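Take a look at the structures listed below.
Two complexes are shown next, each including subunit A; its partner changes from subunit B in the first to subunit C in the second.
Coming up: the complex of A and B.
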């Protein structure tokens, strides 16, 4: 009996007590923590539309598309963990069919102990402006190049931040294998001198320096080229034709390294940022397998004081596509290790975004200048409420290239591809945009914005990767955006837009009326009419009816009509949408 | 012996239930490393207003309703600050493409509130923001007590109403 009691005690009571402490611990841990999250569901029902050439078969009989996600983050003091569930059933129009499915492509656990923060799982990170490393996501674009691995942030001293990471990137739903992508490793240091050195604490000049190194390891594929040569030989009096066949294999690097250095100096109203990056030889599908090194420079300078802002930016990029799988290229962009910012301004009005610019990673020079000036209140020009005027100019051009052809491959592949001088500017315009925006509040009940844009868009370069000047769209765009406020809650907004061009789809006109009842309701009607399309059948009205309801952080909106692809902003929220005809339901919520 | 086991089980359940009853409707502002408007390091735990309420709003230079919201708030911001002591932090989620344009835009527009940069969306993700504009109101203890998505003309009146309720110690919602 006594022995039995001991056994019972050992086998039941001890584990129970142990269990109890575990439960108590986990309960305590859970109860003092907090779960937050957000979710978004976009559901579309597609109709056939002969005007847009949409039929059941062009839709692949996918009458219904739904993209949705739910994010959950658990936070308890210095610990946090989270996951994102994503579902594409089926993916909405404009999203790659390889996204089809449901799963958890992102989860993490993060802990901060003193000056060290560790993340295990999936994470997003950016070194400097991202020229050699940036992982990020944009749900509405379907873009996600998160890194799955380990990330550490360590601040050993005031003003110093060191980062280190290793991992593999997301590729749709495919699990990592060493044959389908490489491994990314990187370190970064950021040094804010004013905090590091006591003597500089009070200095008006604020200096920040940084540097990073990133490397990619990939089990490279074998890429071969075969040359055939004829050879005549005389054998026993007969002429014999020999074929000499030689096979060459590209000596692809397993490791591709890159580094970047940056500085940010602020003094009074001035702020200067400069970053330079280089990448080792990285033959890949985007650069047609050339062995040249990559280079990039990005710098900005701004001066501002109250009522005046001036901004200048320039960049020069050569052969900087950097992906964790060398044979990956094209759309949708996947496995990007770095980020090359487009230098043009991102516009707010729909017709001004009809011809948007995207960076050309194989080589471009870009420049941007902007002035924002607010004419003070109670002056002749400024009126009672002040008037804001903004000018912006941006351009992107080719860089000079002297092509090298490899004797073995007969193309640029396998050679350095071309020669170029750092900061050289070529003759070919990729994109140019001059615009002016006037914002004026006339009275407490009426305000307006007026804008004019002159854009030049090299369609061949931006859409087809053909580097010539045979398909350049020159467009003028005018916008008038007026708001009447009837009382504290009710307002009406009207947008009039026109786009005039001799090229591409010709002229467009757009009208939008939006009635808002703050803080909950909006109703909108919108029509974009491509009245100048040279093909009469394509003179389409892109009409839309929409309404939305907001209750604090919940928002439900319903839209019926035709949507051309582009940036959509109605009823207070902006996002990118693909082309479609039909009914769209969007639910977003945060908690 | 059975009693002992029974007692142990009962204890476990009792303490479990006690631990579960506590719940909060708010959440603490997360501490995330982002940047001030000059690009220098800034941690969001330093979003403070001496025990008074704070408004946090997420925006971007390319977001039309956000600019509208900011212009509307800027017109009344000094009156709000005088009347209630409220402070606003406006978080730009512009990425490397446009984050350096934020400072000249803010000054050019003459906006008076604090502006911070979140160029890779770290704070945006920690706060579960889907799309801008998204506005939060934080009480004097650093807890988020109210949030709102989108901006319609006149919405700013709601923000200050919530701030005044907080100052009077009334419950939100």
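Coming up: the complex of A and C.
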């Protein structure tokens, strides 16, 4: 009997006790945790539109497009885990058809113990300004180059942050297998001297230094070039035609490394940032398989004080496309390891975004200067509420290149491609934008913004990768944006825009009226009219009707109308959007 | 303070390792193939002579490993050539003289050396020394669990191979240029079905009807020493190495595509060119045995007048 009791105790009670502790522990673990998340659904129903040449067959009978995601993040103290579910059923127009599908392209688990933070799964990371490594995601672009692997952040001392990572990048829904793309590994150190050294703690000059190394390994493909030459041989009095055939193989590097060094110095209202990067020989589809090293420089200088801000930026890029698969190029941009910062201003008004700038990784010089000044309140020019004026000038040009042609391939492939001097500036304009924006509140019921833009857009370079000056669009754009506030809840906003150019699609005019009943409703009508299009058939009205409803953290909006084709760019990375007509529903929500 | 610096130095030294994880390429292009050949003028045939075959049906390769001092070898060779007749010459044979019994004995009637580098490579790579001659490889496919096969099971193994479907078609053409004394071999290979793996093309030259003594122990064939024995299709040379070359850079092939490869060579003065045969075959690259699973084989002569 006693023995039986022992058995009962061993077999039932002990496991129950364990189970109970487990349940208690998990309850405790769950109850002290927090779950957050957000969702966005963009759905479009496309209709045929003879004016835009859209038919069911040109839509591939995909009359409905839906892009959606949901983020779920669980946080509990030093631990967090999350996932993003994405679905493209079918991908909306302008998104690559390889996105079609639904799944979890991003999940992670992260914890912090002491000074070490570890992430396993998918993650986003950036070293410095991203010249040699940046993984990021931009939903509207359909851009996601997240890294799937391990990421460690370690802070052994105050002011020191070390990062190390290894992983593979996202490529649509394709899993990483059989070395179908490269492996990225990188380390970064950031040293904030003022925190590290006691003597500098009180110094007004704040100095931060950093350095990073990134390398990729890739099982390279075999690329061969075959040359056939004819030669005449005289043999026993007869002339015989001989062929000489030579096959060459391109010796592609399995490992491509890069490094970058950076410094940030702040003193008073000034802040100077400087970063320089180099990349080892990296023949790839973007640079036409040249073996030249890549170089990049990026610097910014800013100054601010009350009512005044000055910002200057410049960059010099040479052969810096860096992807984890060398044969990958073109659109949509995928498998980018690095990011080349854009230094053109991103505009808010639709006609000002008609000619956006896309970064040219094979070589460009860029400069931007921006001044924001607020004319004080109660002055002659400032009026009762003050007036804000901002000037912005940005430009991108070619760099000097003396082309080298390989005798074997007959192209730049297999050679250094070209010679260039560091910081040389070529004479081909890629892009130029001068703009001025005035913002003024006239009375408590009326405010307006006026803007003028003068843009120069090298269509051949930006859209077709043809490096000449045969197709430059010069456009002037004017915008007037007025808001009338009727009472605490009701307001009307009107946008008047005009774009004038002799080139491309000619002149445009746009009108938008938006009625807001805050905080819940908005209604808008908009029309963009390409009245100056040299082809009469293309003088199209791109009209849109939309309304939206907001309830707590949910927002639903519905739009019907036409979408013009063009480039959509965020941070110099662009996606082509084709013209479409139809109904768009957007739902965003968070909890 | 000192401690901090040493940590930073250590970290930076560790980090710099990543920069070295970069392959610096000094020679971007390597010459991998260099061939020179006269341009073939199809309209005139007074300068060169052409011979060609087109293979669309299944053909099988028998590699007969033999030696001129091997007493059992003539019997095996006779069996093989009888089978070739039976299969309407769709069975392609070449003889490879290897091993101790192929060694020449200087100063005797067996002073001829039929051995060559290609034969020795095959003999060593397929580990045939432990088995002795005669021994055969039939399409380099296993039969009843064996890869090298003794002659008494050749018939079943050959029949078994002929029962398999055709997987590739081949065209083989030779052109002889009497003035230059060179031979150009043109090959075309086309797969008729999707095949997994990496495929190579191998082109050999064999010389037929070489009159030289041979030992024998089969009274039906003749006396113990056959003084005027005609050695059939003796392997002489590989035109593109023992295991050939990949049909495509990766070796992966697709059906419906015609893979063309041309070779030019200068025949050895000691060979009777009119008796020489070009034997070309397509085989699958195997990690252990180099080349196995021969899917098609073709043979063509060289017209010399």
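Convention: the second predicted complex is superposed on the first by the 546 of 591 C-alpha atoms of A that agree within 3 Å, B and C clash if a C-alpha of one lies under 4 Å from a C-alpha of the other, contacts with A are read in each partner's own complex, and residues count from 1 in each chain.
Quick note on the criterion: a residue touches a chain if its C-beta (ideal position, glycine included) is under 8 Å from a C-beta of that chain, and two chains touch if they have at least 3 such contacts.
Because the structure is predicted, anything quoted here is derived from the model rather than measured.
Within the superposed three-chain model, A:191 lies in touch with subunit C and out of touch with subunit B [touch as defined at top]. When both complexes are overlaid on chain A, the residue A:415 reaches subunit C alone and has no touch with subunit B.
Of the two partner chains, neither subunit B nor subunit C is touched by A:53.
By the touch criterion defined above, A:251 lies against subunit C but remains apart from subunit B after alignment on the C-alpha atoms of chain A.
For subunit A, the partner with contacts to more residues, out of subunit B and subunit C, is B.
In the overlay built on the shared chain, the residue A:518 is in contact with subunit B alone; subunit C does not reach it. Taken together, the two complexes place no residue of subunit A in contact with both subunit B and subunit C. By the touch criterion given at the top, residues 1, 4-5, 8-9, 11-12, 15-16, 19-20, 22, 24, 27-28, 30-31, 33, 38-41, 61-67, 71, 75, 95-98, 100-101, 103-110, 119-122, 125-134, 146-155, 157-158, 173 of subunit B touch subunit A in their complex. Note for the complex: subunit A touches subunit C at residues 156-157, 160, 162, 185-187, 189, 191, 196-197, 211-215, 217, 222, 224-225, 230, 233, 235-236, 238, 240-259, 280-281, 283, 291, 406, 408-409, 414-415. By the touch rule above, subunit C contacts subunit A in their complex via residues 1, 4, 7-8, 11-12, 14-25, 27-39, 41, 47, 179-180, 249-250.
For subunit A in complex with subunit B, the residues that touch the partner chain are 5, 8, 12-13, 16-17, 19-20, 23-24, 27-28, 30-31, 34, 36-38, 40, 71, 73, 75, 80, 112, 124-126, 129-130, 134, 136-137, 139-140, 153, 159, 161, 190, 192, 194-195, 206, 208, 264, 266, 269, 271, 273, 298, 300, 302-311, 313, 339, 341-343, 345-349, 370-374, 385-386, 388, 390, 439, 441, 483, 485, 488-491, 493, 516-519, 521-522, 548, 550, 552-555, 567, 569, 571-575, 588, 590-591.
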